[in-house]
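Quick one: this structure, given as structure tokens, is what I'll be asking you about.
For reference, chains read A, B, C and D in written order, and residue numbers begin at 1 within each chain.
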Amino acid sequence: MLTELREEVCEANRALVEHGLVALTFGNVSGISPERDYVAIKPSGVPYELLTPDHIVIVNLDGDVVEGGFHPSSDTLSHVLLYRHFDTVGGITHTHCRCGTAFAQARREIPCLGTTHADHFYGPVPVTRVLRRDEVERNYEINTGRVIVERFEGLDPMAVPAVLVAGHAPFAWGKDVGESLENAIALEAIAEMALATLQLSPGMAGLEDYLLEKHHQRKHGSDAYYGQD
Amino acid sequence: MLTELREEVCEANRALVEHGLVALTFGNVSGISPERDYVAIKPSGVPYELLTPDHIVIVNLDGDVVEGGFHPSSDTLSHVLLYRHFDTVGGITHTHCRCGTAFAQARREIPCLGTTHADHFYGPVPVTRVLRRDEVERNYEINTGRVIVERFEGLDPMAVPAVLVAGHAPFAWGKDVGESLENAIALEAIAEMALATLQLSPGMAGLEDYLLEKHHQRKHGSDAYYGQD
Amino acid sequence: MLTELREEVCEANRALVEHGLVALTFGNVSGISPERDYVAIKPSGVPYELLTPDHIVIVNLDGDVVEGGFHPSSDTLSHVLLYRHFDTVGGITHTHCRCGTAFAQARREIPCLGTTHADHFYGPVPVTRVLRRDEVERNYEINTGRVIVERFEGLDPMAVPAVLVAGHAPFAWGKDVGESLENAIALEAIAEMALATLQLSPGMAGLEDYLLEKHHQRKHGSDAYYGQD
Amino acid sequence: MLTELREEVCEANRALVEHGLVALTFGNVSGISPERDYVAIKPSGVPYELLTPDHIVIVNLDGDVVEGGFHPSSDTLSHVLLYRHFDTVGGITHTHCRCGTAFAQARREIPCLGTTHADHFYGPVPVTRVLRRDEVERNYEINTGRVIVERFEGLDPMAVPAVLVAGHAPFAWGKDVGESLENAIALEAIAEMALATLQLSPGMAGLEDYLLEKHHQRKHGSDAYYGQD
């Protein structure tokens, strides 16, 4: 069942290590099936270097396991909730990358300070509010998804394909698994640059709006001329 | 004698280099035998890349060599003292990792600033007091173990499986050798993130207690649902 | 056509990844033909690990494709403009390297703080002014080249073979493709050192003029004695 | 001539890259012959990856080439001067490592903030004064050696086997080539830790004298018990 998706999800999970985005068993990548009825996700706590497509767990949109002999990631219900609400999202990558997580822990958005940021995120990478005690004690993972959705009220998740969960870490996404991984890589790159920029100029304001507009549109707009057809 | 333990200890020592936790001959990993009568530990000053299970030294709980043709790590008596007092500890990993050591040198605990920390350490990673002159001049290594034990009065070493020795470096531990290595890796990861977080928000307060509780319990509590059975 | 140049440009683009100067498809390297009538440049948005000499696009000095089945880098018109104005420049390397980009985002020049800098750049690495709205909305890439040329009024591009485009990232160049790559590597190295130096001594003034002079001349002057003949 | 020394020097130079201490052709390692009449040193400006023992240049104690078809390192006369004055030094490693060079550029000594430092350097790593204009304009490399020797008046170069040349970079040394390389590796490790420590506690005072004493003596003193016999 969903052999190709399993392989894609497995490969993207393993790529997290290669790109230096996770240590130990931190982080997880998932992808949704074309009919948007099943999600393939990393099993919980399995070392990346041992991961094969057979380990990938298939769950339905309630988060119930429908195939696979392993427990799915403990963050599964957060992923599922995002797929339910963000219907253009085909893949989700959650990491505990060093600088992205530092911004999440500092509860500061990543300001758009340059064109590298603008190429990937159309404005600051937002940070959620902190979950309340009751939201943590009951249905914690679902509520993690909910504060993300709440934070994106009025924002297009495909224009700003990532978020920082306050006190936790980033989630990035994309139209498919590979794009979610790319956005997670870009997120850490811009977080590293932003951290260094703020060291050099602590009060640095954001990039001019017309530069943000230009760089984002030349890559993602209807007249985009970045990349191949 | 203790062939399996030797191999495990040898492999964990070599993994320190792979994970970027040590340079030159800094650091050492040990493990205790199932009957808690012998400790297997790295020899002193042997380059990691040359290390084989035959180099691993077996000592008794007084720190006397009972098998092996090499001098044991100069920190052996610190390890032995910890095994005597922390009877749930089966493995100890001592590193001079960059950020963990920076906190030890700054004599600041690593505050719990996020869920990555909470997943591994149930509260701040504590820092010992500085040893007094007389404690350094006589029985230095034993006294290093003693200030760690002193600092853990009222703390469960399995809930907070690491410490920073003031002016020195971290010690991490676990129920076995592999878990102590994992906790040493996690320690450096959270120290890196904490350093970057404090750059962004110098006065950052710790994570909400209910988030610390939740993350630690979902991984380590009696109803844990992280990982496989 | 221009087989050798294609290979050189391909190899230099791939070297960007090896030297940790780019992530994803950020950055691009180009080289100009000996007759200065054609420019070989990376195609837009093609992953570095897939890049072969056949992907390299040949454009004329108006930026029109004259050979190759791919779209050229979206920054092509910036490269071409630089070749038109800097007639000693034979290769250009544009990266989004972490620290160099941080200085560009902070809109601060990289001060010459030591002899490593002086060995490669004869004075601070300058930063351009920010492009105006109209310069961004029309002919953005050409105007990027223009503000670089404007910034170099009175400066010799071969003495200071790099610039930071404000809010964007560095461009480095050299007498050929390989030298432009070397200068891009040197730029990130000195930016890293400058960032750390400014952390230690925030108001640090530049290197003494006679040290700058000496180090630059012993490597690049008419009586240079660095390197082989 | 001096085949073994050549190989040793070649290997140590190549190890600089492996340990991340140099980029491009920065840095150089040398060793002196047992009779202290010849010095083997890296040729100037040759890429590390191409370096073979045949490239290593043999000079006498005036710095004149006595064997080898390449120009010796442009820093040769600094090395030679150190060998003349420090008669226990058998090898010298000069790098432009990131954090060590940052301290040199900031013209701050590396304070002894922990036991990792004390294990290798018996007190702060000192910084020279800046060379005067006349010292730079004539006999620059010899004078670089001279300010190092001047700075070590009253210091034992084997107790503190490294220095920071103000505005330039570190030189490390040891009883032989391998030990000089080890001290260069240790220098960068403690510089990284010191930088991070000073971020956490900007006014951090040095390690207690009795801890410095203990750590240095247990490794280097007459009753040392670190390492194998």
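We take it that a contact is a pair of C-beta atoms (placed from the backbone, for glycine too) under 8 Å apart; a residue touches a chain by one contact, two chains touch by 3 or more.
The model shown is predicted, which means the values in this text are computed figures rather than measured ones.
The fewest steps needed to get from chain A to chain C, moving only between touching chains, is 1.
Distance from the chain B centre to the chain C centre is 45 Å, each centre being the mean of its Cα atoms. Inter-chain centre distance (chain A to chain B, centres taken as mean C-alpha positions): 32 Å. With touch defined as above, residues shared between interfaces to two or more other chains in chain C number as follows: 199.
Annotation, chain-chain contacts: A-B, A-C, B-D, C-D (touch as defined at the top). Here chain A touches chain B in the complex through residues 23-26, 43-46, 70-71, 74, 96, 98-99, 101-108, 130-131, 133, 136-137, 140, 167-169, 195, 198-199, going by the rule given at the top.
Chain A contributes residues 19, 113-116, 182, 185-186, 189, 192-194, 196-197, 199-201, 204, 207-208, 210-211, 214, 218-219, 225-229 to its touches with chain C in the complex.
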